[in-house]
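After this come two complexes, each holding chain A, first together with chain B and then together with chain C.
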Partner chain A sequence: MRGVASGAAPLPAWLAEPEPAYEPPRDRDGFLRRNALSLASMLTVFRTPACPEGPIDRMLARVSPVLRLMGTIVCVGCVSAARNMAFVWVALAATLVVLASRPARRILSVARPALVVALLAALVNVPAVFLGSPSAPVRVLMKSFVTVTIVLGLSNTVQTERLFGALASLHVPSHVVLVCDLAIRDLALVGQVATSLNEALACRSIGHAADKSLGTAGVLGMTFVKASELARRQSDAMACRGFDGTFSVERERVITPAGIAYLVALACAVICFVYLEGAVA
Partner chain B sequence: MHIPDNYLSPSTGAVFAVAMVPVWGHCIKKVREDLDRDHVAFLGVAAAFSFLLMMFNVPLPGGTTGHAVGGTLIALLLGPEAACIAVSVALAIQALVFGDGGILAFGVNCFNMAFVLPFVGFALYRAIAGKALTAGRRRVAMAIGSWAGINVAALCAAIEFGIQPLLFHDAAGQALYCPYPLAVSIPAMCIPHMLVAGVVEAVATVAIYEFVSRTAPEYIVATPEGDSGKGSSLVPVAVFVGVLAVLTPLGLLAEGDAWGEWGTEDVASLVGYTPAGMGQGFSWEALLPDYTFAGLPDVAGYILSAVVGVALLVIVFKLLSAAARPAAATGAKA
Partner chain C sequence: MSLGTKAGDEALVVFDHVGFAYADRDGATSVALDDVSFSVAAGECVALVGPNGCGKSTALRLLAGLDEPDAGEVRFDGEAITAARMADQAFAKRLHKRVGLVFQDPDTQLFCPTVRDEVAFGPRQMGMGGDELEGRVADTLALFGIEGLAHRAPYHLSGGEKRKVAMACVVSCAPEVLVCDEPTNALDEDSVAEVTGFLKAFVAAGRTVLLTTHQADVVSALGAREVRMDKSHRVVR
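For the complex of A and B:
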């Protein structure tokens, strides 16, 4: 290197002058990353395949989605209707046992949103403390945590297709099931599109933008255009395949050994609810 | 041995809490170095053993009750540093959720049961067992180590109780906090622990260690035995924890309170006055005081408390395991 440098001609004066360094004004992209990108990426949750992990979830996976759906509705109803905390504690204990049987990643994916919702619900109920009901926030916090955990447990461990099959088994009109199915699929696709647009915007944005509304509006507008395009293509594809409005889903057997065991457990939960509520009354 | 709030002065609690900070720091660092993801998750099961053992109250001479702690057991399974973390988390859940052990006395309780107990028990085990490969000598070392560990911890608690009237009293000479001097607290704490609680601790330690070494030997890292290559499964251990949880109401058969865990009125009736610091002290409203649920029978409440406590411990340590280094491919199934 030394030889090359010594043999080279000296730089002309205009080239040797230091260039004025370009330093773009500092702009924190926290708004983009924490709001737009995180909101868009939340929609991609719909693409995450539900898979049972942990021994209890694997046992529950053998139960018909119809029963799981009904059981979830019954459990959520009982917890919400409970007037004393005894049944809520029993439900919390059962929920914690199911959570503890899952791997850490799954626990986090359920416990984090459940805790956020529960804390928010408790926060909303804080004024009740000053109105003579000091235990209201704790009661609401626990009920919210248990119910959200139960519902998330269902959605995390039962595939969407099986859930829609369960809806059809419950005599929900087929066009309603179709709309729900398409909506879930489209939400996932729109989330993917919005995430890609936001990532592109984050990579290409330089400098400080005081007004974030322009960028946000652009992303929202493009997402809307893309979503419309996707919907049109889907409609064309369905017409090409001769879709006549009939939406058939595969129905699963309800009465199986696992289903009977689940029904027995559900009956025990209902009896426990009735007994504990009666004990207080 | 769970010292409640207001038996010790807040300054005593603060000193021990500050003293425990470097201990916790060292233990966390050592656990992160030594244990992989699977073993940190297993630490939750080990903490559950400790939590459940502390619910099995046994009657002690003098009309009080006591319990095993299981600190030496965890030290033998995963090391004394891991035992310190596990017992500390168990004590935190007991204090916050069940009101067992004080909030201000949390540092003191951790010093006695999470630091002194497992470290003394493990050091004594090492000293006695040496490099012995004979199972008999190792079991004897475990029994002696765990017995000594809980007794040294009880002695520490007795000294902490006994120095209160010496350090904190009013102008009339009446104690502000625990009213019993060393001459009372040391025999009252140590003799029952030497005769009963220490024996229960030793039996529980050897029995549970033996069970884990037969069913899940790959999870024992502190004192691995020769044949640790055979298949490990946590299913029998999980079933065993469940059985222990269902059996916890046996702890309700022991009537009376543990020494030094009376209510303020009981202390007043025993010594003839209410120590000022206890009468106007700190009070924590636990969610499930004394492992009971309003509207549920005591037995059902006790079992439910055990289930909630165990599940919380397993969840906490599973979440912590996410930050640990990945497990080596040993074939252990978490």
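For the complex of A and C:
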């Protein structure tokens, strides 16, 4: 045995004796580090299980995910295609009612990203004001907010497994569903790895890095290596558990009382859309 | 500025009625630490022991400034470690120089192409170069008996070797406090003896060790003071 454990090798002088007070050299890596860390931690949200809270979400939870998925696609399509702002106002009002029925932290978790996306979309459309379309930014802002809120509402309140079951019910090939399922799981794990690596980099960045790329490239490289390792291990584990290429997901009943009520509400939304669009035409 | 000098008679590391809970994206929380208080004097070796999930690793993260307590204070050398203080880069770098954290999973701590680069990363950041840097890297590799791995990629090493490299890359910065999260996990007997031997020598040199472990024999081998936590996320009196 070698090293200090053998009792033969004493600590080197720089470790055995106290050092003078350390004053770190100035560096400008804070921005890069903070952003890398927040990007990595964003991926970890995929591991959070969806859980319906609030009276409306609890009612919606009884609806088959197939219908929820189809309903979301229809609503997003109608809002995006609407030329009559009255329909967007109606959709916004309905969205806000659903949002308001949730606990405050749920409202924040949906409203914050929806607002950021909506504001960015509006910002991109500001030049349209000077090109003869003064209402474009407001229209885009409202449409973006409503569509992002609807999609986030679905992802926050329907478990991923149920959503994949819905995809299978819509006759999406099982290998596509499998890839989606694995991708979501692995994204969360890779996010955790990247977060830990960035934290380690922060802990070890105690001074000035002449070559900024060394740490960042190392973190990216290790994240890639770990991602491929995770995929390989997952594949080995599935083979060991007798996976034969068939990915079966639990399918739920589509036509239930809650499902019928949901379809009626959806039909009303579509009629409202057609009627208001007809008024424009 | 701060973190440069000793503050009065207070212990070097102080957890003062610390509470912390992890929050998910919806704000739902799970408690990790509940009113935890203990201290570590300079030159002391303290082992945080307790069952899985009782908050040991979280306590170490708070000391390294990776998270901020929801209640109470974590103080190092008399100064509270808060998010606001950690936003000051000079403070954060000084803290990380003085408090070296060895992560539980070495795979998430090692990111350089070779072991030599890993060990040189910290000293190079401190402004070392040339013979001084080479000397420090050689000393550190010899300290852990890993000279033969110098040009290997950390990713390709065995679990025990990775753990030693992870410790070596923190020790090369000569931290005053070595904070180790389960340093002897998954190590064979010889490697455990090597690591405990190093930690004893480190403490004998007047430096401080705070570690978490499940292994009672490691605590007794180190002669460490035990701070026991339980499932209620509190320190057992």
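Assume the second predicted complex is superposed on the first by the 252 of 281 C-alpha atoms of A that agree within 3 Å, B and C clash if a C-alpha of one lies under 4 Å from a C-alpha of the other, contacts with A are read in each partner's own complex, and residues count from 1 in each chain.
Note that in this section a contact is a pair of C-beta atoms (placed from the backbone, for glycine too) under 8 Å apart; a residue touches a chain by one contact, two chains touch by 3 or more.
The structure displayed is predicted, hence computed values, not measured ones.
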item	value
Superposed model, chain A: greater residue contact from chain B or chain C	C
Touched partner set for A:Asn156, first chain B, second chain C, both or neither	second
Contacts of A:Val138 with chain B and chain C, given as first, second, both or neither	first
Which of chain B and chain C A:Ala82 touches, first, second, both or neither	neither
Partner chain in contact with A:Leu108 - chain B first, chain C second, else both or neither	both
First (chain B), second (chain C), both or neither touched by A:Val90	first
Which of chain B and chain C A:Glu199 touches, first, second, both or neither	second
First (chain B), second (chain C), both or neither touched by A:Gly218	second
First (chain B), second (chain C), both or neither touched by A:Ala21	second
On chain A, positions contacted by chain B and by chain C	105, 108
Complex contacts: residues of chain C adjacent to chain A	4-5, 24-28, 64, 66, 89-90, 92-94, 96-98, 100-101, 103, 105, 107-113, 117, 121-122, 124-127, 136, 139-140, 142-146, 155, 169-171, 173-174, 190, 193-198, 201-202, 205-207
In the complex with chain A, residue positions of chain B that touch it	41, 235, 287-288, 293-296, 304, 307-308, 310-312, 314-315, 318-319, 321-322, 334
Complex interface listing, chain A residues touching chain B	55, 84-86, 89-90, 92-93, 96-97, 99-100, 103-105, 107-108, 111, 138, 276, 279-280
Complex contacts: residues of chain A adjacent to chain C	1-7, 9-12, 14-19, 21-27, 30, 45, 48, 51, 105-106, 108-109, 156, 193, 196-197, 199-210, 214-215, 218-219, 221-222, 225-226
